[in-house]
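Next come two complexes, and both contain subunit A; in the first it sits with subunit B, in the second with subunit C.
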Partner chain A sequence: MSEPMPPFELSRPQTVGQAVKALNALPEGRLIAGGTDLIANMRRGLVESKNLIDISAIAELHEMEFGKDGLRIGAGVTLREICNDMRIRADYPAIAQASDGVAGPGHRAAATIGGNLCQDTRCIYYNQSHWWRKSNGFCLKFKGDICHVAPTGRRCRAAFSGDLAPALIVHGTNIQIAGPGGTRRVAIAELYNEDGSDYLRLAPDEIIIAVHLPAFNPMAPVVSAYEKVRMRGAIDYPLAGVAVSCRRSNTGEAELQIAVTGTNSAPFLLKNVSPFNAGDGLDNYLADLSKLIQKQVSPQRTTTAAAHYRRLTAAAVAQRLARKLLLESSSG
Partner chain B sequence: MSKRTKGEPGTRHAIAGKPVPLVDGIEKVTGKALYTADLETEDALIGRILRSPVSHGLISRLDVSKALALEGVRAVVTGADCDHTYGVIPIAMNEYPLARDKVRYRGEAVAAVAAIDAATAELALELIELEIEELQAYYTAEEARAPDAVLLHDDKPGNLEREVHHEFGDLQAGFSNAAFVLSERFDCAEVNHAQMEPHAALAYYDDERSRLTVHSVTQVPFYVHLMLARCLNMDASRIRVVTPFVGGGFGSRTETLNFELIVALLARAANGKVMMRLTREETLITHRGRPHTTVKLKIGMTNEGRIAAVECETVQRGGAYAGYGLVTILYAGALLHGIYDIAAIKYDGYRVYANLPPCGAMRGHGTVDVRHAFECMIDRMARELGLDPFQVRRMNMVAAPSRTLNDLMVNSCGLGECIDAVEKASGWKERKAKLPPGRGLGMACSHYVSGAAKPVHWTGEPHAVVSMKLDFDGGITVFTGASDIGQGSTTMVALAAAEILNVDIARIRLITNDSAVTPKDNGSYSSRVTFMVGNAAIEASKNLRKILVAAAAKKLDANPEDIICEAETFSVRGSEQSMMSFADVAIAALADDGTINVKGTFTCPPEAQGGKHRGGAVGSTMGFSYAAQVVEVSIDPDTCLVTVEKVWAALDCGFAINPLAVEGQIEGSVWMGMGQAISEETVYANGLPVHGSLLEYRMPTIVESPDIDVTIVESIDPLGPFGAKEAGEGALSGFPPALVNAIADAIGIDMNTLPVRPDRLMEALVARRRKDKITARNSEEVS
Partner chain C sequence: MKRLIRLEINGRKHEDAVADNLLLVDYLREAKKLTGTKKGCDGGECGACTVLIDGVARPSCITLAATCDGHKIETIEGQAKNGRLSALQRSFHENLGTQCGFCTPGMIMAAEALLRQNPEPNEDAIRSALGGNLCRCTGYVKIIKSVRAAAGAKT
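Here is the complex of A and B:
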């Protein structure tokens, strides 16, 4: 059996407003939608809150809408719905691929996009039983004062391991957040901090209610792809996950956006990526890209796989995806 | 569907040999089967275990008074409640159910609580005050064997559980006959069975009558029974052990496990019923898996490919207690024999204690890592000598009947047919040279025993007993104490009885695994059940048939020799018009004495029980299964991820009593070998299991599961039931070497570490690139 589930009180708001109010009244309360991340952590004693606010009954969160401004996906839409949606597969392939790569079919049927964006950071010293962590003197992320991964460091190095964030980043996604003062919209990258124990920039009474994707423009199409490095073709979290998008301009220049997950405490957009010109030579361009990634990722000993391997494969997968998209978009 | 290569075309059976679904399959696939954890617990307390937070130390203080005082707590037990050791090998029992004085690994049980619910039990564990004076801990065999290392067990100098030194044949002459001698070192990670069902046990103690009933997940209820009597100081006649449906074993439950004793101690202390369901982490800590093993192997080969001599040193990191350790280290050497005919073999084995969960028996017990090293090296030597790897194996196969250098009995061997089958099925000859870059083919052979001919707990009794009852309803009830752990042994017994008695399998009802009802059985391990229990079932059926035939002869006024029985009908040869139905014959047979009880037994003859040298009983068996397989891989050049594209496996199981179950066993073996080869391993952080869930203990998923093409080879063993031998383990140990050989074929890298995780393979690739660069630079400088 699993570790016993600690007792909790469950409330079930019907609207976003009620949910915000509930959070406002119980700042330590935790939102639950699919529960695939939260329940496992609760059983392991990693969640101190005794109050769960179940947002799965809020109809608005389940809506998905293609409008002229783009695509709005409610935070409660499941990963299965996303990877099965033909338009997402066609217009935002990286997002469909990222959804499809999460855990197993059972998880995807329950897990939501909002939950995936807020998924707790992971570390082999953190995602263990209470007995294990207690025997190890706990850690910086929970009840302890040392990071076992980087004992001389001052911050938690747990890795952000959600698959969807990088795919959404390279598509220029905004996040819609509801709070006591109404809603606000931020670029998705601004949702995260590079700190494993404080990785989300959300106030205790704020809720992600939707993601907004820019409309697909057939005249200037963005092609994209996502791939995760993992030891098994299912279940595993990404050792490194890379999303790449590519937009061709009229002049033939290609603008690439590359985002990475699994290697750092936050998903991030790769900085200083220069546009690709056919005249530069693809191999040289990709070699530079590889160096750029290896420099900017920061994998730590948060998994049993070698950190260096995660660095190398993040670069290799980015090269592979970039090559594929550049060749595709030039031939198309 | 599998293909079959028949041994003797004349072997005809009415029932045995035809594929049938498992008799207990419907309950399993419909979710109706009750496993131990599913048993009724309405009136049961919940048991939880307090585990040591440190790897090695002396218990200086253990105070359970606050836990006992907590409302809802009904019992707390500690090492003080049991001063008897337990274990599976009578000369190597050095473990207490709950640690006394000293703890030797992180996670070792120190105390246990029975409370009204799990939350109360957890709370009580937090209230137990435990202080431990820490000692130096060792996590590798090298550290533990250092001259100044602190001893885990005072009576085991050098932290060695067992040393083995066996030499057969003239080694020096052998190596001097060899044209090519290769020495290599292999490191194989520790792995766990990761059976689907986590451990659980339910115990009920009746104080009024001093009786104990334990339901458990065990593969060996008889051993559990013995250890309960020993550790609880009870008369064995007051104990009943029941095994419900078992969700996989693979060796994890082939010895009594501490929770089975702890739950009984708690039930007695609480004078009631206690259910203990272990978490996956606790199940992994209970462990008994395959130890981390280092194999140093030296092989001499002639130019033609004959193996001239073999020298092998094996070091196993066995964990903190003896368990099956001495058997494992003996198996590793003994099974260097029995597959190839080799003139000289020297073996040195070292079973080492370390501050980690105890290892034990696991599918392919003892042989897997050594076979891995051996088959990798044979391939590399063949490559070096320009020889065909299939031909090299054919040239060296044992002949049957024969006896090996270490005096093991070989009565049948279908290895040649296995090799031919996979060579042909895989299209090896046509495809090998034409594979695209990054794709490769590899092959290997393997074998395994059909049961240990000398059981670990030697009493002189028959090795197996099956009893049967025929009553007024014409129903035949068969009683066996063998645990069906998913391998299909219950179905095998039903088929054997139906075949001999010529009755519909539906007429047979099986009662298994309840010490109050079923005859004692040593248990489901070392692939002994089909051979031993199968033969006992045949004998019991023959005894019943004799009674039925006599009754029919009397009624039909004929000689018993003239009675024939086909499809539940008895008749007299030559005058088929005088017939009797099975039901009528049964009533006739019951007329004189009422209910009929018969039994059959099986005993391994002394010549099967191994050589006279120390440890010679280990490896001894009634017959070996043989297997060959070809593995096709592709390797992702960017991530070094190895994909197993397809596997062709052939196994000589003597005779497939139920080909459907045999096929499943071969696929399961191949699949489990694949897990060990590509991704599974335990990882400890200073003795804490980092791999404590199925997320971090990476057994393959359905995505990694390749198409497996199975061929069943039937060599018809002269002593096996209908000619059968084992089928559940032999094909495992061939997979890892076939995979590593395929990787060498695909990208030219010889990996000497298991599992071949992508990060390890990438490291090897990066190292080769670096080396190539240096070589290129040096040659530039020279030129």
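Here is the complex of A and C:
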């Protein structure tokens, strides 16, 4: 059973400035948005903060704006709003599909895009009750000194399992971050570290305020898709989740971007993906792609499914989506 | 710390001082004695605690009571009106959509949110609306049948 909720004080700032100030003044302070990740972890004794800063009342974080420069989604926009938005579904389908695949409808109504990007990494030795972890001697990620997954290793291998990150990565998303010194923008992949217990490159007093997507260009459309493999069809985290985007050039060459979640401690963009030329033959191209992805993912024994299975499914999903998008974009 | 919250529960206004760390499910069950809302897991996994917040189905076990200030909550206790069961309650009863009954309040609230938004859902829409609600008894077939029958009864 879970522990009772630990005691904490909640503050409810009305502006981003107030929230940054509160974080800055409370070194142990933690942000809470929808709470669907944080509260579940608190109930298992995985979060020790005595001060929660609830950012759900900050109006500007809930704004979504389609402008000339692209789409800006406030960090507090919910996944339910994202998967119901017709323009996102049309212009950035991978993002709508990824949102739709997160948890259940009740979670999506509360869960925010900012919280999804920052959600804690996962492992079968970590997402357990306090007494379970205690009886197992805890682990490197929290209160312990060894990793049960890779006992000779020195770092935590817990898997980053957010569904939205890969979809945002293949759409070339930037993240806007506010801190005491003002705001900064980084490419989304730069938000992450390949380290399960230190997976975010965010200072303790920084807040993600929005994500920025490049404008959809009907003259050079980018088509995209996201798919995840999971144990249960209804609610479940990805064992492996893959987003693919595809852009055709005038010469008929297709440029693919592929990003993966659920297999490593950080979501990442696949390196060295070569463009596809119709002359290459689709089957050969996809066979090479499979090898590439199998080389670059590094699933560990952090889920009940075998690591090798997750490696193979990541490759299979990438092949399936790439095939679909290449065929779609050539006929369209 | 405690704070004052004002909210509406099943159409009636309430004002209470709640601890910052109080979960909505515990506020409803312990402070308001609305024990129809169930607690079936250690956080967000089962849907037994589903209530409506401003008409939207949400798990109350991963929601802080403090953040419900100013909102409208609906629970299973508010479904029957003047002693008359709601269409969904009647339908779950008549179609054997409930066995041990532990998941039923959450199922009915999730289905209620669906039917208000989509009065004639097909099976896929029902399955996805109830995707966050687990049942260990029925095998779901009769739950889906109950929701379909209630939808028919409403229209």
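The rule is simple: the second predicted complex is superposed on the first by the 330 of 332 C-alpha atoms of A that agree within 3 Å, B and C clash if a C-alpha of one lies under 4 Å from a C-alpha of the other, contacts with A are read in each partner's own complex, and residues count from 1 in each chain.
We adopt the following convention: a contact is a pair of C-beta atoms (placed from the backbone, for glycine too) under 8 Å apart; a residue touches a chain by one contact, two chains touch by 3 or more.
Everything quoted here is computed from the prediction, not taken from an experiment.
Colleague: Given the touch rule stated above, what does A:234 touch, subunit B (first), subunit C (second), both, or neither?
Modeller: both
Colleague: In the overlay, answer first, second, both or neither for which of subunit B and subunit C A:86 touches.
Modeller: Touch partners of A:86: none, neither subunit B nor subunit C.
Colleague: Considering only the touch criterion stated at the top, classify A:7 as touching first (subunit B), second (subunit C), both, or neither.
Modeller: Touch partners of A:7: subunit B and subunit C.
Colleague: Which partner chains sit in contact with A:305 here, subunit B, subunit C, both or neither? Use first/second/both/neither.
Modeller: First partner only.
Colleague: First (subunit B), second (subunit C), both or neither: which does A:105 touch?
Modeller: The second partner, subunit C, only.
Colleague: A:136 in the overlay: touching subunit B, subunit C, both, or neither? Say first, second, both or neither.
Modeller: In the superposed model, A:136 contacts subunit B only, not subunit C.
Colleague: For A:219 in the superposed arrangement: first (subunit B), second (subunit C), both or neither?
Modeller: After superposing on A, A:219 lies clear of both subunit B and subunit C.
Colleague: Go through subunit A and flag every residue that touches subunit B in one model and subunit C in the other.
Modeller: Shared contact residues on subunit A: 1-2, 6-7, 104, 129, 234-235.
Colleague: Subunit A touches which residues of subunit B in the complex?
Modeller: 37, 51, 53-54, 106-107, 118-119, 122, 198, 200, 277-281, 638-639, 641, 679, 683, 685-686, 688-696, 698, 700-704, 757-759, 762-763, 766
Colleague: Subunit C touches which residues of subunit A in the complex?
Modeller: Listed in rising order, the residues are 1-2, 5-10, 12, 32, 35-36, 39-40, 43-44, 52, 54, 56, 80, 103-107, 109-110, 129, 234-235.
Colleague: Taking the complex as given, what residues does subunit A use to touch subunit B?
Modeller: 1-4, 6-7, 104, 124-125, 127-129, 131-132, 134-136, 148, 229, 231-237, 304-306, 308-309, 312-313, 316-317, 319-320
Colleague: Over in the complex, which subunit C residues touch subunit A? Could you list them?
Modeller: 1, 3, 19-23, 42-45, 47, 50, 56-59, 61-64, 66-67, 110, 127-129, 131-133
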